[in-house]
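The following pair of complexes shares a single chain, chain A, combined with chain B in the former and chain C in the latter.
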Partner chain A sequence: MGSNGHHHAASTKATPDSAIQASGWGVGLFFMIGFAGSLLAGWILFPEMLYSKKKQPIDFNHAVHLETVSDGCDSCHYFEKDGSFTGMPDLSKCVDCHESAQTGNPEEIKFVDEYVTPGIEVPWLNYSKQPDCVFFSHAAHVMGAGMSCESCHGDIGTSEHTRVYEENRLTGYSRDIWGKNISRLGKPEPGAPLPMKMNDCAKCHEEKTGRKGACFQCHK
Partner chain B sequence: MKEKHDYERARRYGMVIDLDKCTGCGACMVGCYMENNVPFKPDETNKLDSINWIRVYKLNNGKPYPETEICYLPMPCMQCDGVDLHGHSPCVSVCPAVATDYDDDTGIVSQIYTRCFGCRYCMAACPYHARKFNWWDPVWPADMKKALSPDVSPRMRGVVEKCSFCFHRYQLARNKAYFENRQNEPLGEDDYQTACAQACPTGTITFGDLNNKAHAVHQLKTSPNAFRLLERLGTNPKVYYLTAKNWVRRQGDNYLTDEEPGKLKQKR
Partner chain C sequence: MKINRRNFLTYTTAAALGGAAGTLLTPVPWKLMDDAAIWTQNWPWTPVPEAGPVSYKPSICTLCPGGCGIYVRFSGNRPVKIEGMKEHPVNKGALCPMGLSGLQYLYGPDRVRSPLKREGKRGEGKWKKITWDEALAAVTEKLASLRKLEEPQSVACITGMEGGTLPSLIGRFLTVYGSPNLMRQATAQDAGAQAVFLTQGKQGTPGFDIENADFILSFGSGMLDGWGAPGRMSRLFGARNTAQRFIQIEPRLSDTAASANRWIGINPGTEGALALGLAHIIVKESLYNKHFVETFTFGFNDWNDEAGVAHTGFKALLEGYGPENVSRITGIQEALIKSLAREFAGSSRPIAINGRGKGALPGGMNETLAVHALNALMGNINKTGGLYVIPELTYAKWPDLGMDGIASRGMRQPRCDGAGGDLFPNSRFLLNRVPTLINTTKDGSPVEALLVVDANPMYTLPDTAATRKAFERIPFIVSFSSYMDETASYADYILPDHSPLERYQDVPAPAGMSHQVISLAVPVIKPLYDTRHTGDAFIHMAKALGGFIEEAFPWNGYEAFLEDTLQGHWRILKKKGVVEIIETPAASDRFTFNTASAKYEFYPTARAGTGKRDSDVLPAYAPAILDGDEKTFNLILIPCDSIRMAGDHMASSPFMTKTVDDTVLKKQMTLVEINPATALKLNLEEGGKALLKTPKGKASVLIHLYEGIMPGLIAMPRGLGHTAYSEYLANKGTNINELMGPIEDPASGLDMAWGIRAQLFRV
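The block that comes next holds the complex of A and B.
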């Protein structure tokens, strides 16, 4: 009885239909503006703020080096006899060729003056550096699975300049680990390095080997 | 994961510890601390909160002099296989975060520190006290930080850690095997050894693949003197102990006075 009476009173005091519709559009518009604004903030503004941009100490030209050396990537990035991968070469490897500047290139002159002559290691920024708890075996991927360098690192061998290194201000990791694509929808551009999060590793492992692998396969 | 895997078990790493050879020198513990970046405090007198992946316990036969006998018992993680080798080790079964898991390739129980959130269920579940909790962030005196091994990630406050059978050495041995194109062959005994086994001056600790006939542990574990701790719980540990002394053997499980160790029907 009580609820009936309430319903009756509400219907007599109702606002006209057109007014309801107009305020509905207003709320909808307000919502859409807020929604679009949030998306823009989340997808463009936040990543801009999240990553600091750093320059490599030397603008390294991979293309020039790859033309000169005889053994492709392996000439500088090679395996030790114990199966460990050297990664970025240290200064002694560079000095093999660059004891003194060989060209008039200002970057090479800078490299020789600032690093080779005083004997200081170049503080290269590693785009694919993994967290401390990760064990990655280059040998298993390159020798075991026969993968090429490009299949994970992209066409870095043909680059003429170093890319900007984007560092996550919160975690300190390179943006390449997450991948350039904030939404993580779609695939990376051809020639771009592949994202290297745990899920990315697990996905590929599941496709290629049929299982994601045990925790200790990639953790230490 | 905790489900039963359908692929074939390849390897089953385990240890045989000859208690009659152990002098209690503690070299295994020292080797382990150095190898695995195990944290310590300036004052380690309270053994309840000290962290170690292998601990040497001191047993005695409870008799007064001159019949007193002492036995030292080094205890790493037992790397339990669980009933029927399903990997249902006590700790893996209770972990709510899958921070600890059973590796079907090696039989080693992993512990991922970045995944652990410190609930310590595993510590309560483990009947061997193999797991230790980090109540504090590790503090390395002076330059010792520079001497940390890069192959083992150091732990932080609030996570549980335990012996991994020096799993990073397995990873490095596999690396080398790939480089030498023998990744499809089983690793040799010398390819992969734990730090404690190598540090032991008396050859007490033997480590290898229990399934591999070429490894010494395969034979040693079948000795009539071999037993495992709390065997009747069904945890199925991969650490075997050897002793000729019956009183030592009696302390390996909760035997009734009329029960004789080694003569009981074994529960799986």
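The block that comes next holds the complex of A and C.
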């Protein structure tokens, strides 16, 4: 033991301290490099990597449809007699008008050729899809509380093109659920859809009803 | 600043620390944590209900004889929920916990998934999967061999259903085969049916127009504990019509008693005496319906028969039931007996109802007759707010039976339960007598082959040990159960039926309903497993037996049989699911009775016969003689029912067991209720362990102190203590049938037990 320790002390003596030991400046610099790098990666690179970008199967124009239909959003997104909400219309509803192409619009022609004629449901990507463990009633919010579609879904009715669908690679859900803003700080832009995490539901419920609500209201 | 081999590690560490510190100021850790949690929800093995459009299919709940209407909610092709049917006349939307959890009887792990043949010893649980052809051939072969030996009467069949065409089909099978031994476990409804036959001469079940009565006097019937059709009862008593007076008489403060206007504690088993005591006051004070009694009844006053022999009437019988005597028997104060009688008679539409708890035990015939007599005294027979008779359905006529000598001789043999014989001419089946009759047979067993359909006698029959001993002596047992229940697990063959949601079943005369409602349960889903409708199995066996037995079954399956049998009703049933028959007979027909005297008989002449004294015929108070010596067994054990537990052949669902309080079942042990005063005497404490002993058996129990039970009594929940089924049901608590035996009613042969003597020790 003693001889080993002696040998060690002798070898360190051979080179000057300043060259061997890490300088305080150096440590600080590398710390800052790591710090700044991770900030950049976390705020810019990470969201880019977390979400894959997908295109809707058809570039749907809400604005055009809303001009043509008589009943606003309800024309296609309506309640069944039992109060259940149809959500995205299925092909049979679209076929009511689009049995054949109405215009020369290439997207419409594509829609008729690829889906209507062979009778295949359009695999729309749902920006607001919630996990199976969540029970959400449109009737309670729209018919009960008199809320408009826009109050959660934003100005989707005036959009002329479908947005890019950003899918969380881990969870498979849309980026809209978390919210466009990765930090979830501040308010969404006017007209943008509202984030739909559980805390968002609870926050609104607390503001409007005074209570966040019980677990089993949504988790049946 | 030079980077070299020696300071490289330090700088790297610094960069890593910087990175870590920086990362904490980015959304990365928080976002990833949240996403990881959601990622776990979407693992491919996490069960997620099938997605798909929501739809509803109507049907009828057949888990109990209540016959409530249901809607099965589907998500895509998968049933996901059961709801009460608002437009069904029985339940009008209400449903009990058993009905609500009905899907667990479809998906549950205790389903028998294919025909099985026993491999190991009986009850060992070793089975061999066999095909339907093999299973049916094995049973048919056994039946054919017993016919060859000219002993068709040694085949017996136990069914569970109280009505419907399946028992008729099986009865037809047994008749043409040559056995009179079709049985089921009698309930209070059967005792009621016999009382209706004795007093009114009609074959049918009693229906109580509770909806329109203004005074309801219940002799222990568990209106909210599962009596009658639970959907109807929870609708009527869950939110009670406050204009109705409702008096509950029973020794324990049940959920039903708690909802009553008044609960009157009574010494257990003395309800018949109280009914006679009330009748005594009503007659003595001339409060009865004189028009009805004088015009439409027989045997109220003393009378002389054709030979000029004088007989005692009902009125004379009542003389022995003055308030002083009845108060001594029942433990109810004289003043209360008097005021109760006056209040009952003073109401415009009073109704008296019996059948303890859910009505699982029939009780003594005299007790039932005494309660029916109260309704007759007030003339509340076949009229609004009163006691109706729901006549047995007359089905379409089936082709005549051709039978050979073997079958005819077999049918002439006395039944193996003694029902319909010299001893008990008015009883149709007495399954409660069978274990003793088998066990006391010297050599072999009077039953060579037993077929069990929709029944679980090894759990539901009182005195489990004796039942098991008797079943050990039956050489051939076949269960048609859809579930691995106690009887199925002890059988030699299991030929599993479809589960209730997978099969057709017609449900006439819902328990206790005041008018006829026929409903049709339809298969809402294709069978999940390799099961077969028991009706189809019997038709198949008839065809395999060949000859005149085959000819008796010209139908190609149960559905065809059902259609042919229900005739006119079938089309309506297929379309609407329910036929409601509300007959309001003309005043003249209403009081037409089919008895010997063509009147309502207070003195049931059908009970009279050679050697019978008037006191045997009139419904005198005849207490059940409880097993056990009063000094050793110084307490009395009574069963208690709850809507959250099922004690019948359809056992509780896992969901129901979850709803049971920890004052009923705790860590696999049953809690028994005793009064704190009793506990003090026995040095027992809340939650303490005790040994409960009766002349029939013993069990380890926990103690629950309850002010709502009379001192000297022990109440034990019915429906626990299964030994078969899956882990959700097995080995939870004690089956009260292991501790209680049947008591044969000398008047009817029915089980008149309501309890047993017991002792309780601290351990």
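The rule is short, and it goes like this: the second predicted complex is superposed on the first by the 187 of 220 C-alpha atoms of A that agree within 3 Å, B and C clash if a C-alpha of one lies under 4 Å from a C-alpha of the other, contacts with A are read in each partner's own complex, and residues count from 1 in each chain.
Note that in this section contacts are C-beta pairs under 8 Å (C-beta built on N, C-alpha and C of every residue); 3 or more make two chains touch, one makes a residue touch a chain.
Keep in mind that this is a model prediction, so the values were computed, not measured.
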item	value
Chain A residues touched by each partner, larger count belonging to chain B or chain C	C
Which superposed partner A:219 touches (first chain B, second chain C, both, neither)	first
First, second, both or neither for A:23, with chain B first and chain C second	second
Which of chain B and chain C A:131 touches, first, second, both or neither	both
Partner chain(s) touched by A:37 [first = chain B, second = chain C, both, neither]	second
Contacts of A:144 with chain B and chain C, given as first, second, both or neither	first
A:84 touches, of chain B and chain C: first, second, both or neither?	both
Which of chain B and chain C A:168 touches, first, second, both or neither	second
Intersection of chain A interface sets (partners chain B, chain C)	82, 84, 131-133
Contacting residues of chain A [partner chain C, same complex]	19-23, 25-39, 41-43, 46-47, 50, 82, 84, 131-133, 168, 170-173, 178, 182-184, 197
Touching residues on chain C, where the partner in the complex is chain A	1-4, 6-7, 10-12, 14-23, 25-28, 31-32, 34-36, 38-39, 41-42, 48-49, 51, 54
For the chain B and chain A complex, residues of the former touching the latter	7, 98, 101-106, 108, 110, 112-115, 151-154, 164, 167-168, 171-172, 174-181, 183
List of chain A residues in touch with chain B within their complex	79, 81-84, 131-133, 135, 137, 139-140, 143-144, 211, 214-217, 219-220
